[in-house]
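Shared chain: subunit A. Partners: subunit B in the first complex, subunit C in the second.
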Partner chain A sequence: MAVIRDMIAPFELYQPTGVDDALRLLEEHRADSWVLAGGLDSFDWFKDRIKRPAAVIDLGGVEALKGIREGADGGLEIGAMTSLADVAGDESVRDAYPLLAEAAGLVATPQIRNQGTLGGNLAQDTRCWYYRSGWPCYRAGGNICYAATPQSMNREHCILGASRCVAVNPSDTAPALVALDAEMFVARRGGEHQQAYAAADFFIGPAIDITRMTVLEPGDLLTHVVLPAPRPGARWYFEKVRDRKSWDFSLASVASALQMDGDRVADLRISVNGVAPYPVRCEAAEAVVRGQLPDDETGLAAGEAAVEDARPLRHNDYKIALMRNLVRRAVRDAA
Partner chain B sequence: MEVVRLTVNGDERVCGVPAHYTLLETLRYGLGLTGSKQGCDKGDCGACTVVLDGKAVLSCLTPILEAEGRHVRTVEGLASGVEPHPLQDEFDLHGAAQCGFCTPGILCSAAALLDREPSPSREDIREALAGNLCRCTGYEKIYDAVEGAAARCRA
Partner chain C sequence: MEVLRRALNPWGEDVLVGVSWDLIWAAVVVGALFVAGHALLVPKKKPSGPPNPDEAKGLPEKILRHSTGARAFHWSMTVAMFVLLVTAFFPLLGIRFPWVTIHWIAGFGLILTVLYHVYHVFAKQDFRTMWMGRRDVDETARTLKKALRATDEDPPRPGKYPADQKMFHHAATVVTVGAVATGVLMMFRIDHFLWGQNPYILSDAAWGWVYVIHGICGIGLIFLVIAHVYFAIRPEKRWMTWSMINGWIHRDRYLENHDPERWVVSGRDGDEAS
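Entry: the complex of A and B
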């Protein structure tokens, strides 16, 4: 539970209506800038006065960043400012990429899905409460991880991918997009530079940069996400495990996309979130499954492979069994 | 200070607020509409739920300038004069409010539901209210009341 320290520190608010204007403002204010999407994560930081940007650039009026369109090559293009409710409810997403519709539909609560955007969900910061409470941890520029001491409360933290910091990535849409092999489009330097990132490369761990969860740096704008055309014979699975059936962040979530050849798995992607600082792509598990029947035996072997390198903290060894079983079901029960 | 214009419960309202104000702060401290509750102020309770352009949202995490020019419906806008909204009447009849702190937010989530789905199933109702915490009632009486109100609105 968050504590409200005080009123929000004043900031200069900019409300551009076009992508060009937004990019120009971001370039102008760069290090002092903050992109405001649905505000759910942003205002949480502002209210605690832990993040105090001087210039807030509100994308709410930038219509070009909203909506779901047919992309090139039969894929689908989703604007970063499309609400999670719109992603979850969209016909074409539900038809062709049901695991994304499911993932978006399991985020938080109806109100939060009405307000929260896909871009904000992907770019949101970690929810480690030591860090969110403003403790001077590694991620905040200090030299200790308060979640990894013998006294720490770390039931929700990492079993994989930690490097000094053990906070996890909280996004539910992230693993779905990794499994779908989506691409994230980022514009920077006032729009001069644009780059597409494979979903798995968009998210970064503390070994690369401990202060960020994604490739996005101050001044960067995530404009849209592109989903590749669905291939015939695809199977999907998504599951989120949380303490309560509403509201809560994932303890772990799994997404898989299987490409079948007859009754065998020709190719696949499995991603698990909530267990590492980034959505993990389970390549060892995928290798076990490739060419096999997607039955319980294969699922079990895949689950074992997925947790091979997992190391628990004091209070989260349950996550190893959880991840193993989620990967098993993501292979066995994909439909 | 920013001057914002928005429609609240059908009335055009103009209010001078700091740019960092939320919709909830504007309603409560700018416009004197204290029906929407400031519970957690962080997205964790739903007590501040209002209906913005037909959709239930958390006013505590809605920047006020996001609401500029839009239509906001709060619990104060449900009744028609002295005539309570069927939801309010059914909440009364079913004893669906105890301490009442969650009630304005739940009424707003339920009103948004009935506007888009006149015949909601029990599951639809549970889903629509999944973002509103109630510490007192155990929810069943609330679901009964929303079912009752839906039937009356259809009649």
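Entry: the complex of A and C
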């Protein structure tokens, strides 16, 4: 593992108070910049001396990026700098989107949820320790994946979506937002341009870009997330599986949003994270469930469909059974 | 400008990782300068007079320059090469798409075309027509002198292939073989159905050289493609380009641009040429 040092390599610290200022600074420094949200992942990178940005842009003072507001179409708009504790505890989130509140409430520890932000949780880098040790793997710009060899320790790595790199996305809130069909708003080019991405498109795999986990490029800023208006008769499910009950990243997590028509499932979205470099939308499983009763039999068939393309590494074949059962429960136990 | 990328491996060794992708732009700039320099400085070839009737005697109007097999190889290699270059360099220029599988499948296609070419050359053609001999060196020297306006004398007519085409062929052979050989090795680092993934068949230092050679060959191909397309579309070379499409050249072009003693047309009353 990398050696954590007492002193961080020097950088220029910028503390903008407005979105425009932040975007101007990001545009000015682009690849030399680092966006500091809650700082919980950033300082590990800095102390390991693996990331050495010349300019750190601390968004902590940008009030416009914080808060939960009613959206234009009856949904919710959540600022990227809203703390995870605020997302988990907000009444409107808890009432209309309980799976997001639950996902945010299961991140790490209460202290980390108070400091950590929704944007930081979504845009965080992978936890692959080969990558985080600063070795020249594909994701770090090199030409090897140290986690995908016959000798590698890859219990936590992916069973789906690998393309040279086998790291997984660690975000807890990401699958919830994919299941909710949320939209991520990204400002770029100093604020001249704003683009909305469906949550499923916001996260990208190594086949598209092996050095990034999201569409965010240097100079870009995730400003807010918009949740669509809740539909009556919806059922939700979220579950996070981890090695210990607190302060741990998920081995796998599942989020589902079911739209009911009487007893049957009219439409649904299921997303699983921790099994691929991005939160996986389980469209094959969704097709199995659509129009069916959300019972154990349907859940089992959905689980089987979800893992059809899974390819385990040497030490993570347990994730196939885990994902199959998570999807099964996400259909059967959604409430 | 950085030329090679280096990194520390887990054992603390400073190893090569690959070439700097800034070299892509260097290849484009060098290619553009070559094209501009050639277009501006090299005098256009003056049209020669009517062909010698004695030489034209008995020659068919259409003379086969590229057989169907040779053309099939050229155009299939063109497609494979185009796909390889697009999938290799577009993602580096910011155009993102899942390129790895397309890239190695195109590489596999390129290997098949090269194997066919080798078979075709040795079984159906005379590989010596592409050989560089003393007369080709002399032709090159006199062509250069003419290009630099050091002489008014035209260089001698070549055989089937002019010296510049032979040199291009050999340069393309070197970079293609380099890219293919290193590309096959690199397939041990990715997951595919042909054989198992094993990144430890070579040391990190050796892998570094594999990636450097692959990168240099790929970047070299950018320059060669620029030069090839430029010559293919130059007005005085278009008859040659057409022959790669329809296979034949006109008798007048043959006599104007080739030495009948060095490229002997074997079927004087047909359309066969050796």
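Just so it is clear, the second predicted complex is superposed on the first by the 330 of 335 C-alpha atoms of A that agree within 3 Å, B and C clash if a C-alpha of one lies under 4 Å from a C-alpha of the other, contacts with A are read in each partner's own complex, and residues count from 1 in each chain.
Throughout what follows, a residue touches a chain if its C-beta (ideal position, glycine included) is under 8 Å from a C-beta of that chain, and two chains touch if they have at least 3 such contacts.
These numbers were taken from a predicted model, which means no experiment stands behind them.
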item	value
Room on subunit A for both subunit B and subunit C (clash or fit)	fit
Comparison of subunit B and subunit C by subunit A residues contacted	B
Subunit A as apex of subunit B and subunit C, Cα-centre angle in degrees (nearest 10)	130
Partner chain(s) touched by A:111 [first = subunit B, second = subunit C, both, neither]	first
Partner chain in contact with A:144 - subunit B first, subunit C second, else both or neither	second
Which of subunit B and subunit C A:58 touches, first, second, both or neither	first
Partner chain(s) touched by A:318 [first = subunit B, second = subunit C, both, neither]	neither
First (subunit B), second (subunit C), both or neither touched by A:40	first
Where subunit B and subunit C come nearest after superposition, their Cα distance in Å	21
Subunit B residues within the subunit A interface of the complex	2, 18-20, 22, 40-44, 46, 49, 55-58, 60-63, 65-66, 109, 127-128, 130-131
In the complex with subunit B, residue positions of subunit A that touch it	1-2, 4, 7-13, 15, 36, 38-40, 43-44, 46-47, 58, 60, 85, 108-112, 114-115, 245-247
Complex interface listing, subunit C residues touching subunit A	5, 7-10, 15, 17-18, 91, 96-100, 189-191, 197-200, 204, 207, 211
Residue numbers on subunit A that touch subunit C, as the complex places them	133-136, 140-146, 148-151, 162-164, 204-205, 207-209, 311
